[in-house]
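Quick notes on the structure that follows.
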C-alpha cells in the first residue's frame, strides 16, 4: 500500500508511531466533519471484526460507526468461536477472512498480532488493541476530545493518574503527545510507574514531565486530568492496593478543591475511580470520549476505505 | 420524554402498566398495517440489542423486525462478552451504548433493570424481559393474537394453565387483560399458584376469575387456553412434579373432548406441554404467536423511533 | 417445493445427492457471473444463520456473501445461546426462526439434522454441515475450483490424501465426482481408509479408483492433490499417529519432486499438512478455494431466493 501525501486510503492503522503529526491531524480534521454525518457512503462494504479477546465497547463502537455509514459487519466477539481453536495460524485466518470483507478490525491478546495481520493481507487492517501495546483509535479519540475541550493540542498541562504501567491507553496517548509541546505529570503508586522506555522517548523528544505519587501536590496546575482504572489483580499484596485505591479516587468535592477548569478524562469502563457525582460536572469528558469514539471511527473507516463524504 | 395524545415517539416500553388502554390498542392497530410490510423505513437506524441473559427467540425476533424494515442491529447475546465483567454499572453501559445506536433493547436477569436503563438515557428503551417482572412485547403479541383469533379483547373466557407463579408472560398478560372485561380461569398446582398481588389487582379492577387445580373441570367453557412450560427445577420434591406434569399436558385427544372452538396459546419454547399432534389443530395459535411477534415488533420499533410507514 | 427445469428457486440444499449433474453445473455456471458481482439484489432479505456447532469460516463466508449482495444476517454462532438449552426440538426452533428470515442456514452436529429442518419449514434450507455427512457448498466450491484450475471436471486424476474416514468434505466431493469421468487415488493410513459404502457407490457408477498408503507411489501422475487435516484425536495409539503424520505432510521440496503441474487443494483450516512455503506455489489453490466459497455462496443464495442478477 502506497501513501500519497495525506491520502490515507488503503493504509493500516496499527500503531500511532506509523503516522506523522500531519497525518494524525488529518484524522482529527476529517472527524470534525463526521460529527453528525450518517449518510450511507459505506453501503455494500463489509467490516470484518475479529475479537480474539472480548471488548464490548470498542467492538460496538466500530459496529455503530460502520452501520451508521450504511456498511455491514461480520466476525466474532470471542476467540472460542474461531478456527484458532483448531490450531489455525493468525496469518491463515486473516487470509481467509480477507475474502469476506473490505477492511479488517483486530483485537488480540498478543502484542504484534495486528502488525502480523496487516502483513498477511492487502486489505487495510485496524488495530483494536494488541496486548498492552497499542490501541490507536482510542488515542485518536482522546486527542480529538482534548482538542474539542481545550481548543488546542499543545501548551497544555496534562496529568495521567493511576495505573501507568499496564494501561495501553496511557502509553499510546503519551507516546503520541510527544508530537506536541505539552507538560506531563505522571502520577502513580511506585509499583505502577510508567515503564522506562516511555520516559526515554519523552526525553528524546524533549517533552517536559515529572513523576509523582501524590496527585494533589500537582493537581491545581493541570488543564487535563486523565484517570485510569487501577486493577486490583495487579497488586501481589492486597494491603498495597488498599493504600492506593482511594488516593486516586476522584469525586466532586476533591475536584472542586483543585479548581473548576479541569477537563476530566477516563477511557472507561470505570469502577469507582470517578464518583458518579462528577457525571454532570462541566469538565467531565468521559462520556463525550465515547461519543467521539464513534465519530473518529466513522472518519477512520471512511478514510482507509477511500469513501469520502459527498 | 413527553407523550402527545397517542404519539408514542420516543417513549420507553418498560412495563405494560405505563400504557393506557388506548395506547396499547394503538400498538395493535398499527401492527395490523405492518403484517406484510417490509419497506426500508428504518434504513440507517441502529438497534442496540443488549442481552445480559440469553434469549434466542426474542433476540432474533427483534433483529428480524429491525432488518426487515431496513435497520441494523448491534450488541451482544450474552453478558459474558460485556463490560459488566469488568465491574461496570448498568447505567454506565447504557450511557456508552446510547452513542452507538438509536434505540436500546434490554434483557436482564434483574427486575427493574429496564427502568434503570431508561432513566440513564434519552434514547427509547424496550424491555425484553427483566427477571420475572415484565416482557411487554410478549404481552402485545399475545393480545394481538387473541384479537386476531377471536375478533375482540373482551367478553372472553380465558384459562391460564401451568406455572402461574413464575411465568412473567402470564403475569404481564393477566395484568394487562384487566383493562378489558373477561373471565379468567387460573389453573395450577397448589405450589405454582399466581402470587396474591395479581389477584388483588384483579379484585381491584373487578375482573371475574376463579382458581382451580383441575383443568378439565372448567375447560369446556373456555375460549382461550393459555398454556405454559412447567419447569421441573421449580419443584423441590420430584414426586410432586411427577404428579402434575401430565395433568397439564395437552394433546389432540384431550382437546377434542373439550370442544373444537378453543384457541390454544403458548409462549414457546415448549417441552412436552403441548403434544405435536396439536400442531395442525385449527385452534393452535402458538406458531402464529411467533409470527405476530415480528409484526408487533416492527410496529413498536417504527412507532418509538417516529418512522411511520410511508 | 417443486423443481422446474433448472430453476432452483425455493429448493433446499441439503445433500449433493439431491441434485442432477445439470443442476450442479447450473450452480457453477451461475457462480461465474457472481465473481466480482456485489449489487444489492438481496436488499431487505434476511439469512437465518443457525450454528449449533461453531464454524467461523463457513459462518463468515455466508455472512459475507449475503451482505455483499445487500442482505442481512441474524442467528447464533453457538448452540449454548439457543433455545435448545431449554429442551426445544429442532423442528420447533425452525418453525420459530422461519418467521424472522427468508432462508435458513444450518450447521448441526447430528447427521440428518438439515433434512429434518428442511421438512419443518417452507423456506429454503441450506446445509452448512451435519455431522460427518454433507456440506454441499464446500463441494460446490471445490468443483468450481477444479473447473477454474483445470478447465474441466472430467478426465482428471485426483488424489485424496489423509483422513478419508471422517472427512465430510472428502466424502461429499468423491460422491459428487461420480457424476463425472475421473480416476481417483485414495491415499490414507489403514486406520483412516474411506468407508466401504463410498467405494460401493464408486463401483456402482463405474468410477476407476485405487487405494494406497504411500502417496509418492502414485503422486507423479495426478492432476489434483486434495489434502486434509489428520486429527490426532482420531488415533487411539499416539505411536500410530506419529508414524503417519509426516508421511502426508506436503512441502515445496516434496511437491517439486513430483512435478509442477499439480493443483494443490485443502478445505482449511490447516495445521501443518501443507508447509507455508507452498503458499506462493503456482499450483496452490487453497486460499482460492476460500475466495470461491464466497462466490459460490452468492450464487446459491441468489438462486434459491429467486433473486437473479440484472
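Residue numbering begins at 1 within each chain, and the chains themselves are lettered A, B and C in the order written.
The rule is short, and it goes like this: a contact is a pair of C-beta atoms (placed from the backbone, for glycine too) under 8 Å apart; a residue touches a chain by one contact, two chains touch by 3 or more.
None of the values given here were measured: they were computed from a predicted structure.
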| item | value |
| --- | --- |
| Copies subunit C and subunit A - interface residue numbers shared by over half, same or different | different |
| Copies subunit B and subunit C - rotation angle from C-alpha fit, nearest 5 degrees | 120 |
| Between subunit A and subunit C, centroid-to-centroid distance (C-alpha), Å | 41 |
| Sequence positions of subunit B contacting 2 or more other chains | 72 |
| Complex contact set, residues of subunit A against subunit B | 38, 40, 54, 56-57, 60-61, 63-64, 67-68, 70, 72-73, 77-78, 229, 268-271, 276, 287, 290-291, 293-294 |
| Subunit C-touching residues of subunit A, taken from the complex the two chains share | 43-44, 46, 48, 72, 74-76, 80-83, 85-88, 91-93, 95-97, 99-101 |
